[in-house]
Amino acid sequence: MTAASLTAVRSFVATPPARPVEPIERQRAFAFKGVGKRFGDKTVLDGIDLDVPAGQFLAVIGKSGCGKSTLLRLLAGLDRPTSGSLTYGVEEQGHSRTRFMFQEPRLLPWASVVKNVEVGLTGIASGAEATQRALDILGEVGLADRADEWPSVLSGGQKQRVALARALVGHPQILALDEPLGALDALTRIEMQQLLERIWITQKFTAVLVTHDVAEAVALADRVVVISEGRIALDLEVPVERPRRRGSVELARLEGRILDRLFG
Amino acid sequence: QELKQFSIGYQKTGLPVIARQQQVIEKALSDKGVTVKWVEFTAGPPMVEALNVGAIDVGWTGDAPPIFGQSAGANIVYAAALPSNGEGEAIFVKPTSPIQSVADLKGKRVGVGKGTSAHNLLVAALEKAGIPFDQITPVYLSPADAAAAFASDQIDAWTVWDPFFAIAETRYQPRVLARSSEVLKVNTYFLANKDFAKAHPETVTTTISALGEAAKWADQNRDKVAAALHEVTGVPLDAQIIAANRTKFGIFPITDQIIAGQQATADRFYKLGLIPNAVRISDAVWTAPGN
Amino acid sequence: MSFGARLRSNGIGWLLPALVIAGWEIASRAGVMPANVLPAPSAVAEAFWRLTLSGELIRNIGVSTARALAGFAVGGSIGFALGLANGLSTLSRGLTDTTLQMIRNIPHLALIPLVILWFGIDEEAKLFLVALGVFFPIYVNTLLGIQSVDPQLVEMGRVYGMDRRALFFRVILPGALPAIFVGLRYALGIMWLTLIVAETISASSGLGYMAMQAREFLLIDVVVLSILIYALLGKLADSLARLLERLSLGWHPAFQNG
Amino acid sequence: MSFGARLRSNGIGWLLPALVIAGWEIASRAGVMPANVLPAPSAVAEAFWRLTLSGELIRNIGVSTARALAGFAVGGSIGFALGLANGLSTLSRGLTDTTLQMIRNIPHLALIPLVILWFGIDEEAKLFLVALGVFFPIYVNTLLGIQSVDPQLVEMGRVYGMDRRALFFRVILPGALPAIFVGLRYALGIMWLTLIVAETISASSGLGYMAMQAREFLLIDVVVLSILIYALLGKLADSLARLLERLSLGWHPAFQNG
Amino acid sequence: MTAASLTAVRSFVATPPARPVEPIERQRAFAFKGVGKRFGDKTVLDGIDLDVPAGQFLAVIGKSGCGKSTLLRLLAGLDRPTSGSLTYGVEEQGHSRTRFMFQEPRLLPWASVVKNVEVGLTGIASGAEATQRALDILGEVGLADRADEWPSVLSGGQKQRVALARALVGHPQILALDEPLGALDALTRIEMQQLLERIWITQKFTAVLVTHDVAEAVALADRVVVISEGRIALDLEVPVERPRRRGSVELARLEGRILDRLFG
């Protein structure tokens, strides 16, 4: 079965199906080679090596201020590394389809909620089709009834969900998410995790998720990277089949290993 | 080159206003396909400024503005002379003022337009009364600013021409200290841009003769003159009646005697340091070709 | 705010002007304030009526408004275009901004003698002065507005693949709009100010001419009337700008809840 | 930006003015541009030298600057005080803002005839005009600045028990400062503009008088010189304001990384 | 032993000591009586009754957009209820000492990090003393070395910690915290929880903590309130002695009850 036909099949499956975890021969999405980043004389990242195959779901974990957001900004081309180099996979030359969900919502204050989501469809769809797709995904993040309001009247978590909807509505090749679910309660959080996983499985993009929730990382990612003191302190595959069961012994064991590394 | 539009500068009184109302110049030039544009000024100096750059082609001012202009190297010529402002220009004070004569002006603030014919009147009147010019305080004001300053007693005396003098007369019944006719033997002048006069001498002569016709009509129809002035300028009728009744109408060529008088004025200005360099009036006199 | 409270709070604002006008009229009638220093409000009202009946007022207002709008259209559109160009293109800014900032420091009314030399004394001169006066507030504020658009939002727009056009219309222009409106309102003020001075250069119609003539003839009631008319026209232009502002900045917190 | 690149990018900005001046001089020498329309740059430089040697230029600049500063001090401080009062107190705003907004729409130069009636033709009149011209940009922008301080931060200050004084100095004033600086820079422009017109009312010294006199004697080189001096003084005032701005807005993203 | 002397003793104890859980007769800190809040025709809160004794640690939980922030704003007097009433304990008349940590950091952009923390000492300390206390608490949130920077160069989690330091540095009578630890990684989060608990025990203020982390709520609070559809859906005491052991069966059982209620 080719990757393409797999996608076609998957998109007709309602619940997330199993996905092979063996590293099949895949194209590279992007690679960091000895990447360092300094602000003034403060070294934030220092020799990061990271090779990510296309379609992988990578989670990045680290303590507050360790440089996670900086790493994503480098990946999205929003900042230049002070040393080292970044390379992208063939399709990703201009990395035009890298979508970035920032740590802050960054909603356009002068556009209604649905128009803000339509921003995610720039160059993909427009007019009535864009509106329809934006409304659909707003329904999925539970905000269908707020479509026509200004962002300023939304609660913190609602704003974050609008930003998530905007990131997911397009068909990105690489999707970078900077703590996308930080402001959400447990239930909404799990719903959003499921939404994210479902869309990732359907669209097969490369996902890079920064999170501070280790359970979330092991539940969603194929691979977890821990950053500490500017370097990659741990690079761990998560060889657990999907759909994964939250609280399973396997996941708990991995979570433990990561927590040990983080706190040790 | 072909002349399309002919621009005439005028002030709110005197012969050109009548000519405009009678349309004599338009009629005289109509067969040449020239249109006439009338541009209003509130005083002579800005009109000389406009003449210099060719913004207007001809214009009518008092005696002083062309002297200042010529001293500054302005591109103007004297084309014809008109009678002086005579009765219609004076130094005056409010009736309640303690100032009784020109001699009392010593140490006082006198409002006057710089480089205007009234400026000349003030200089000459003081000279006649034996008071050096530097013993008064001249306050150089445009007619509009001077009107406000006079109304609020910011100046002790005001020297100005018609219709502003006539308006002040109707409003304040002022005490007149001196009139041009008593102090000076001068003229007012019909000026032209030098280049224009060289290129279109026939237009200048046609205009002068048309003005002459208007002058004849005005002299005989003084009753209608005031109404005409009022209509064109918007100056209150009672003031224009006063102004019209004391205006002498006429236009005549510039004679050596006129040149000598004007030269005397220029020399006086130079002596007082009002102009930076001496001028020779005869250098700027235009003579119609064929004369 | 309840309707009553709003009425009261607006009422208090009109209290002071009403008192001033009443006091003024009384002082004039009692002769405390001589008519040649400040005419009574009723005298000004009379002058208004007189000039309206003669048609003079309407004609002069028409002429001045036409001049103002023509100058505004020319200067405003050039200023807006250059502001956009220099806000969006570093090359264009590098080439022209230094020059423009140098010219900006020349008070445009100081140019009157040169304007007469270059443009004569006709409509062009007035148009040029108004256009020049209007140009800079619009230019400076358009540039400032574009430069102060939240860079986080621009970054977002780029990442979401907006092309230059989309970025401009969906992020930059809406973000710059509040500053552009500030510039617009300043420009409208400068427009009338310039016209007043410009219309004293040998005009024979227009409000400035009417005011100048009234000054010369010591018709203080007409002088005061023309000042009031200027104020009214200024207010009208400003209200229009505010209306536009309110319509296009509905999302802005400052324009919500009345 | 490297030093070289900065030099180059600044260099490009000076290219246009340099070309214009060179072209102007050549055109003048070649006689294409007659001296009575626009004198050559060298002629202007000569006039500068002549007037500097005679001491006239320095004296006139001194007089004008003193006038400008006096008017600015009076109008600016009243505008600032009223802007603060009306930004902070609803009662004060309710009482005076409507009146001030009405007066704001009167172009202050239209008041010249009345100003002469009230203040005469001496220094007071010029001071009043400059003060009035300066008042409104400062007032409006101070008020605007205070009203546009992020309400979230004000709320924070309140919750953290700041009294009115602390709230003002630690939250409101720093937040309003960028707008106040915009007002300051506008006010400086208006200051020179007003002075030019005001100094034509019967002054016997000052730059405006010098320009007026040169105009009467058709000394176009001096006219151009006085325009350039105005531009220079305006630039100087503006640069001072910018320096102050840079010093006090160090935290602002627009003022970081030069 | 009086409450005052208890405090005095406690402040000399390095680790959090045990605290009696029996409801001793205490003063009321504040009470909501039938409080409702509408925005336009959208009812957010609808008849909230809540009586909180002084010194209690109350946690508020609820789904995104349920009205948690709104509740805190009403408590702090930043909004007026559309119906019902609020009463405060005697000391709290002017509720001058209510401190509020907002959901957004709300740092003054024109003040350095340490000056921002000093804001929390307004009316309490000033000058060198204030600076010293601000530096001390900055050390506790792990940002001592960033004291002199502008807030704009901090990472998301760092900003949140500065806001936390500001809220904790004074001696509030009521401290309202709106998702104070939402942007923090697990380790920093636990450190901050411990800091919060320690200061609460030392200073005996009334704490109201909005959080979306149920484990955090049961670990820290004396009482947990769940808001759902504008009403209090669950009001639960947490009768567990301090210091509490994370992951203990007792806490897990309570967490389960709350999650049931939230998701049920």
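The letters A, B, C, D and E name the chains in turn, as written, and every chain counts its residues from 1.
One rule holds for everything that comes next: contacts are C-beta pairs under 8 Å (C-beta built on N, C-alpha and C of every residue); 3 or more make two chains touch, one makes a residue touch a chain.
The structure displayed is predicted, hence computed values, not measured ones.
**Student:** Based on which chains touch which, give the shortest step count from subunit A to subunit D.
**Tutor:** The fewest touching-chain steps linking subunit A to subunit D number 2.
**Student:** Moving only from a chain to one it touches, give the least number of moves from subunit A to subunit B.
**Tutor:** Graph distance in the chain contact network comes out at 2.
**Student:** Listed by label, which chains are in contact with subunit D and with subunit E?
**Tutor:** Touching subunit D and subunit E alike: no chains returned.
**Student:** Find the geometric centre of each of subunit A and subunit E from their Cα atoms only, then give the gap between the two centres in Å, rounded to an integer.
**Tutor:** That pair's centroid distance is 31 Å.
**Student:** What is the distance, in whole Å, between the centres of subunit C and subunit D, each centre taken as the mean of its C-alpha atoms?
**Tutor:** Measuring from centre to centre gives 18 Å for this pair.
**Student:** If you average the CA atoms of subunit B and of subunit E, how many Å lie between those two points?
**Tutor:** About 87 Å, centre to centre.
**Student:** For subunit A and subunit C, let me know how many angstrom lie between their CA-based centres, rounded off.
**Tutor:** 51
**Student:** Where in subunit E do residues touch two or more of the other chains?
**Tutor:** 104
**Student:** Can you list the subunit C residues in contact with two or more other chains?
**Tutor:** In subunit C, residues 36-37, 113, 117, 215, 220, 253 touch at least two other chains, as defined above.
**Student:** Which residue numbers or ranges of subunit B touch two or more of the other chains?
**Tutor:** Touching at least two other chains: 49, 53, 144-145, 148, 151-152.
**Student:** Spell out all pairs of chains that touch, sorted by label.
**Tutor:** So the chains that touch one another pair up as A-C, A-E, B-C, B-D, C-D, D-E.
**Student:** Contact residues on subunit C for subunit A in the complex?
**Tutor:** 152-153, 155-157, 159-163, 166, 170-171, 174-175, 249, 251-253
**Student:** Please give the residue numbers of subunit B that touch subunit C in the complex, ascending.
**Tutor:** Against subunit C, subunit B makes touches at 9, 12, 38-42, 46, 49-50, 53-56, 143-145, 147-148, 151-152, 164, 167-168, 171, 234-236, 239.
**Student:** Given the complex with subunit D, which residues does subunit E contribute to the contact?
**Tutor:** Of all residues in subunit E, those touching subunit D are 76, 78, 96-100, 102, 104, 106, 108-111, 119-120, 122-123, 150, 152, 166, 170.
**Student:** For subunit A, which residues count as touching subunit E in their complex?
**Tutor:** Going by the criterion above, the answer is residues 39, 61-65, 69, 103-104, 153-158, 161, 179, 182-189, 212-214, 259, 262-263.
**Student:** Enumerate the contact residues on subunit D facing subunit B in the complex.
**Tutor:** 36-37, 112-113, 116-118, 120-122, 201-202, 204, 215-219
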